[in-house]
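Both complexes below contain subunit A, partnered by subunit B and then by subunit C.
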Partner chain A sequence: MAATTTSPNPTRESSLTTSTSTPGWARWANRHRKWLFASPAMVFVAVLIVFPVAWTVYLSLTDAEGSVRAESEFVGFANYLEVLGDTDRFWPAVARTVFFTGGVLAVEIVLGMAIALLLWRPFKGEKWVRVAILLPLVATPVAVGMMWRLIFDPNIGMANRVLGWFGLGPWPWLAGEHSALPTTMFIDVWQWTPMIVLILLAGLTSLSDEPQEAALIDGANAWQRFRHVTLPLLMPTLVVAVLLRGIDALKTFDILYATKGKGGGSFHEVETLNVYAYGLSFDYNEYGVSSAVLIIFFLIIIGSMWAVTSRRKDAS
Partner chain B sequence: MRARTPFKVFRVAALVLVVLALLAPLAWMVAASLKTNVDIYNPDKALVFSPTWDNYSKVLQQANYVQFIVNSLWVAFAATALSLLLGVPAAYSMSRFTMRRSALVVLMARVIPAVSLLVPWYYVFSNLKMVGGFTVLILSHMFVSLPLIVYIMMGYFDGLPLELEESGMVDGLTPIGAFRRITLPLSTPGIATAGILSFIFSWNNFMFALVLSSADTKTLPVAIFDFVGYASIDWGGLMAASTVVTLPIMLIALFAQKYVVSGLTAGATKG
Partner chain C sequence: MLRQSSVIGTSLAVAAALGLSACGGDDAQSSGSKTVRVTLANHVWTENIKKALPEFEKQSGLKVEITQLGEDQLSDQYNVKLNAGSSDIDVMMYRPLQEGKLFAKNKYLADITDKVKSNKEWDWSDFKSGPVQATTYEDKVVGVPLITEQEVLYYRKDLLKKAGYTNPPKTLDELKSMAAKIKSQNPGVAGFVARTGKSPAVTQFSSFLYSFGGDFVDQSGKSAVNSAEAKQAYAFYGGMIKDLGPANVSTDMGWPEAMAIFTQGKAAFYTEANSLYKNATDPAKSKVSGTVGFAPFPEGPAGSKPYSIPSWALGVNDASENQANAWKFIEWATSKAQTLENEKAGVPGGRTSVAEDPAATSTYPKDLVEANAAMAKNGVGHDRPLVVKVAEAREIVGQPIVDAITGKDAAASADAANEAFQKFLDDENK
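Coming up: the complex of A and B.
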C-alpha cells in the first residue's frame, strides 16, 4: 500500500548522512523518520476509517438490525438485492441525489465562473467584495438552513413578500412537495457558489497575461478570448473545483436535515442517499440494509470521481 | 488591459448585486434575532423595529448556550491541536519522501460518507461506555481535521525548497533537527492556514455531534435544534442561536481572510 520506493518520482530525500556525535536512539529516529512521522497519522486513519469501512462491508452482508449488540446472521447479497429492488425509497433517493448534485454543480459552476471573471482584474473595494464572498462559505450550514427556513416560510417569510411586490406568489418553497428540493438546491447554491469563485479566482490569477495579449493583438473579442484562451487554460482548475464541490454536494446532509428534518420531510421530498442512509441507521436501526445503501453510495461517489478525473486526462 | 466605460458600469452593478444577494440573508437573520416574535410576524416591522436583546438573553441564560459554546470551543481546539500534532509530521514525510499512495489513503477520508463510519463507531464506543463523552467527539472531528491538515500541509511542504534543510544539515543539524529548527518555523503560515480551516470545519460539523454527543456535551450546531419544536418554532430564539453559532466563524474569516482563502483553495491550481 505504501511502497514508496517504487514511485516513479525521484524521492526528495537528502543524501547527507547524520552526524556521528548524536546518541543511538536519535540516530535511529533520524534514519527511520519517514515512518516515524507518517505512521501515527496512518494508524489513526487505519483504526478509525479503514476498520469501520471494512465493518460496514461486513454488516451489509448480514441482517443486523435493532440493537447494535443483537445477534445477526450472514445473508449474502440479500440486502443489496432488497435495496436495488426498492423503487419506493432507494431509487427515488438516487434520483434526488443525482438531480441535486447535477443541478447545483451546473448552476454553481456557471455563476461561479461569471463572478470570478468579474473579480479577476483589480478594482477599488475589492477587499470588501471578497469578504462578502467568504461569509456564506464559512457560515455554519445548520444555521444557514435555519436562516433560509425563516426567509422561505410561506406565511411570514421575506421571500413571498418580495414575490408579492412583483404581483407573484405566494409560493410554498420548502413546504411544497415538489418545490422543497429545488429550494434546498437554491440554499446550497447560495452557500457554495463562493467556493467555486475562490477556486476559479485562484486559477485565473495564476494564469500568465501573454496568451491574452496575443489573442487581443490577433483581434479576438472578449467572448473569443474567454472561449478559446481563458477557458482551456483554466480547465485543470475547473476539474478540481467540480471534483471538490461534487463530492461534497453528493454528501449534502446538514441543510437538508435543518430545513426538512428526519427522512427528508413527511413525503421524503428531499431524501437523498445520505439522508436515507442516516435514517436507516439511526432512526430505523436497519444496520444491514443501511450498510448496503452506503456501499452502493460509496461506489457512486468513486464512480463519479473516476468519470471526472478520466475526462481531465482526456482534456490534457 | 483597459476596460471600457460601459463594461465598468455593468461590472459595478453586477458586483453590487452579488454582494447584496450574499449579505442580505445574513443581515435578515441578525435583524430577526433582535426582534420580538410579534415583530417577526409583522410585515410592517420588516426594517424599522425597536431592537431587543431578549432573544440573546434567552439563548445564553435559559437555553444554557454558554455551556454549548464551551463544548464547541473545546472540541474544535482539541481536534485541531491533535490533528496538527499527527498531521504536520505525516504531511512532511509524505511530501519529502513522495509517499503519494499513503497520502491517498489519508485523503480517502474526504470521500467516504461519514454515516458509514458512525455505525461501527457507535457500536465500539457504546461498548466502551464512551458515547456521549468528549473523547469520542474529538476523535470523530479529527476524522475531518486530519485529512484536511495533511492535504494543506503537503502542498505547503512541496513548495518549500529542500536546499534550506540541506544547508542546515551541512551546519551539523540532524534531519529531524533541520525539520524542527528550519522547516517548521518556515511553515508557520501553512500551519496557521491548516489550523484555522480545521477549526472552522470542526465548529461547523453537525452529523458527528448529532449521533455521538449527549445533552451535556452537545455542540452548537446540534443545540440550535432546541428552538425547533414539533408544533411551533421560536423564530426569535432560533435566529439568535443561529447568529451566536455563525458570528464567531465569520469574525475569524474576516480577520484571517488570507489564511482561510489560501486553505480553501489549497491544491486547486496545481492541476
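Coming up: the complex of A and C.
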C-alpha cells in the first residue's frame, strides 16, 4: 500500500518534495502544485480575456481601418479625442444607453419584485405559473427581436390590430423616431423581468419567517411589512439583481439589432454604445475608432459596477 | 508512493491535454480537398442552384457545402472571416458594387484572369461588358457576374382597372396621380411603397435620381447630391412615400419589408429590382400573385433611366486552399447551360447569349419581358456611389431620403449631405 500524503502537521514538508526516490521534476511539480493546477484556468483567462482587452487598447491607439492585416500607424490618443468630441453619434449613444438601462432596470426591479412577492406564498397551480413566467427568458434574444418586430409592424402587425379593437389609433411603435427606444425597452422588460423574479424569489425564500410574524403580531399591514421588514432583509439580493441585470442591460445588443438593424435605425433611434461600436467595426471597418469607443464603454461599465458595489460595502 | 506520482502524472497529463486541445481546431485541409465550401446569399438564384446541385456533385465527384445567409449577415461574415484570412470559404457570392472594391483592395479575391480565359467553351466574352467591368479590378478579373438587375415598376392590375386606367403610368407624374387616385379609392391600401431604410433605399432611389437628370457625382468626380435635379429627386421619392405611402411607415424598410407590404396587398405601386420578381408572383409567397403587373421604370424629366447593374458575383477566396475545385464550381454555376436554367427560373444572369435567348424568358410574365427589353437600352451602370467604403457613403447620400420621407427639410438635408459626401470623397482620395 502506498504511504498516505496527509501529514498531521501541514507546515512540514511532505516526503514527496524531499524524498530522493521521487524524480526531480516530480518534486518540483509537487512543490508548485498550486500553480500547476491553476495554470489551465490561468492560461484560459489570459488568452480569452486579458489578451483581447489588451489588443483592443492597442488598436484604439492606432488608426487601423479597412483590413486588420493592413498597415496601421500609432496615433496616440487621437481616436479618444475624436470620439469624446463627437456630439453627432457618440454622446447621443451614451445618452440612449443610460436612458435605456435606467428605464429597464427601474421597471424590471419594480415589476420583478411585485411578481416575486405574489409567487412567494404557495398557491394552487403555482408550478404552471412559474413555468409560464419563465418562458420569455428561455427564448433566444434574436428570435424575440424578430417576433416583436413583426408584432409591432405598423401596417401588418398584431399590436395595432389589438389597439384597433379598443378604438385606439395605430401607433408607430418601432417605426416612430421617438417611440422606437421605449418600444425596445418594453421588449427588454418582457424578456428579462423573469430573471429578476427568479433572483428575488430565491432571496425571499431564504428569508426566515420570524421577523414577518413578529411584525404581523405587532399590527403591521402588508405595505409596512414589506417596507420595513422584507425590503431591508432582501437588500443584498436586490443589489445582486441590480448588478447582474444592469451590466447586461448596458450591453444590450441583440434586441436592438434584430428590431432596427444597422446603425440602430435610419435616425439612430436605438443606437446605444454597443450598437454604435458594432457599426463602426463591421459597417465602417474603422477598428481604431471603434476600439476607442469600446474601451470608453468598458470603463463606463466598470465605473457603474464599482458605484453599485461600493455603495453596498458602505451599507454593510 | 505509486499513488502520489500517478496522481501528479495524471494531473500533468490533463493540463497538457487541455492546452493542446485548444490547438486542435483547424481542419486539416490538404490542397485539392474534395469538399468545396460555398457561401451564398438568400436569393432566388441560390434556391435554383441548390436544386441543381446533385447533378453537379455527380458529374464532378466533388461535394459542395453551402452556407446561406441574409445580405447583412453575409457582409458581416465576410468581414470577419476574410479579415482573419480564414480558409473556411472557397467560393463566395459577393456584391461587386457594394464590396467589390473593398475586397479587391484588401486582396480577399483571388485573381482568376487566367482561369476565365482558359476555357474557350465556357466563353468569358459572352458576359455582358458592364458587369465584367464591375468584377475587374486594376485589369485583373476577380469575379464572375451572376445576377443582373434593373429597377422596374411592380403594380396591381386589379386596383389599376378599378380606378379606370388601362395602362400603367409612363411618366413619374402619371405615377403620382394614379397612386393618389387609387389610394383615395381604397382605404387601407397605400398608393406607393418603396424601400425606406437610409442605406437600402439608395439603390432604388438612384433610378429616380438619374431620371431627373442627376447623379451622385458629377463629371469631375465631385459630389453632386445637392444639385437642383438631385433635390427634386429626393423631394419626389420622399414625398411619394410620405403622402401616398403606408401610414406610419417605418424608416428602416429594406426589400424584404417593402416587398411584404406589396405582397400582402397593402400597396398599389412598388419600384424595386426586377430580379426579385418571383417574390411577388409566387403564390406561396404572395397574396396578390395573380394580379401583379410589371412596367418599365417611368420617365422623369430626363427620361427613363433605371439602373442596370450586376448585383451579385461569384469570387474565389484568395486564402482558400482549394482554389482549383472552387473554380470548377464557379465554372459550372455560371456555365451557359446553368445560366439558362437560372434565367428560365426567373433570375437574369450575366450572359448576353442567354439574355437574348427567347427560351430563357419563356416562364417570365410577358409584361416583365417587355419591360426588361425596353429598359435594356437606357440603363445606368451603377446604382450607388462607386467608392471603397460603400456602406458609409450610402448612409451619407441616403440621409436626405429619410428626411424627405419624415417631412423634414429635404433641400437643407441635401446640402448637408453634399458637404459630408464631398468630405468623404476627399478622405477616400487622399
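Going forward, the second predicted complex is superposed on the first by the 279 of 316 C-alpha atoms of A that agree within 3 Å, B and C clash if a C-alpha of one lies under 4 Å from a C-alpha of the other, contacts with A are read in each partner's own complex, and residues count from 1 in each chain.
The rule we apply is simple: a contact is a pair of C-beta atoms (placed from the backbone, for glycine too) under 8 Å apart; a residue touches a chain by one contact, two chains touch by 3 or more.
Quick caveat: nothing in here was measured; it's all calculated off a predicted structure.
By the touch criterion stated above, A:Met147 is placed in contact with subunit B alone, subunit C being left untouched.
Of the two partner chains placed by the overlay, only subunit C lies in contact with A:Pro172; subunit B stays clear of it.
By the touch criterion defined above, A:Gly288 lies against neither subunit B nor subunit C after alignment on the C-alpha atoms of chain A. Of the two partner chains placed by the overlay, subunit B and subunit C both lie in contact with A:Phe37. Looking at the shared chain after the overlay, A:Ala29 reaches both subunit B and subunit C.
In the superposed model, A:Arg161 makes contact with subunit B only, not with subunit C. Which of subunit B and subunit C touches more residues of subunit A: that partner is B.
Subunit A residues 2-3, 16, 22, 26, 29-30, 33, 36-37, 40, 68-69, 156, 282 lie at the interface with subunit B in one structure and with subunit C in the other.
Against subunit B, the residues of subunit A that register as touching in their complex are 1-4, 7, 9-14, 16, 18-19, 22, 26-27, 29-30, 33-38, 40-42, 44-45, 48-53, 55-56, 59, 68-69, 115, 118-119, 121, 123, 128-144, 146-151, 156, 158, 161, 190, 194-195, 198-199, 201-203, 206, 212-213, 216, 236-237, 240-241, 244, 247, 251, 253-254, 257-258, 274, 277-278, 281-282, 287, 290-291, 294-295, 297-298, 301-302, 305, 316. Residues of subunit B that touch subunit A in their complex: 1, 3, 11, 14-15, 18-19, 21-23, 25-26, 28-29, 32, 40-41, 43, 46, 86-87, 89-90, 92-102, 105-106, 108-123, 126-127, 139, 142-143, 146-147, 150, 162, 165-166, 169-170, 172, 174-176, 179, 200, 203-204, 206-207, 210-211, 220-221, 224, 228, 233, 235, 238-239, 241-243, 245-246, 249-250, 252-254, 257, 260-261, 264-265, 267-269, 271. Contact residues of subunit C toward subunit A in the complex are 1-5, 8-9, 11-12, 14-15, 18-19, 22, 72, 75-76, 79-80, 83-85, 102, 105-106, 196-199, 246-252, 254, 257, 260-261, 264, 266, 388-389, 391-392, 395, 398, 402, 406.
Here subunit A touches subunit C in the complex through residues 2-3, 5, 16, 21-23, 26, 29-30, 33, 36-37, 39-40, 43, 47, 66-70, 153-156, 170-172, 174-177, 260-263, 265-267, 282-285, going by the rule given at the top.
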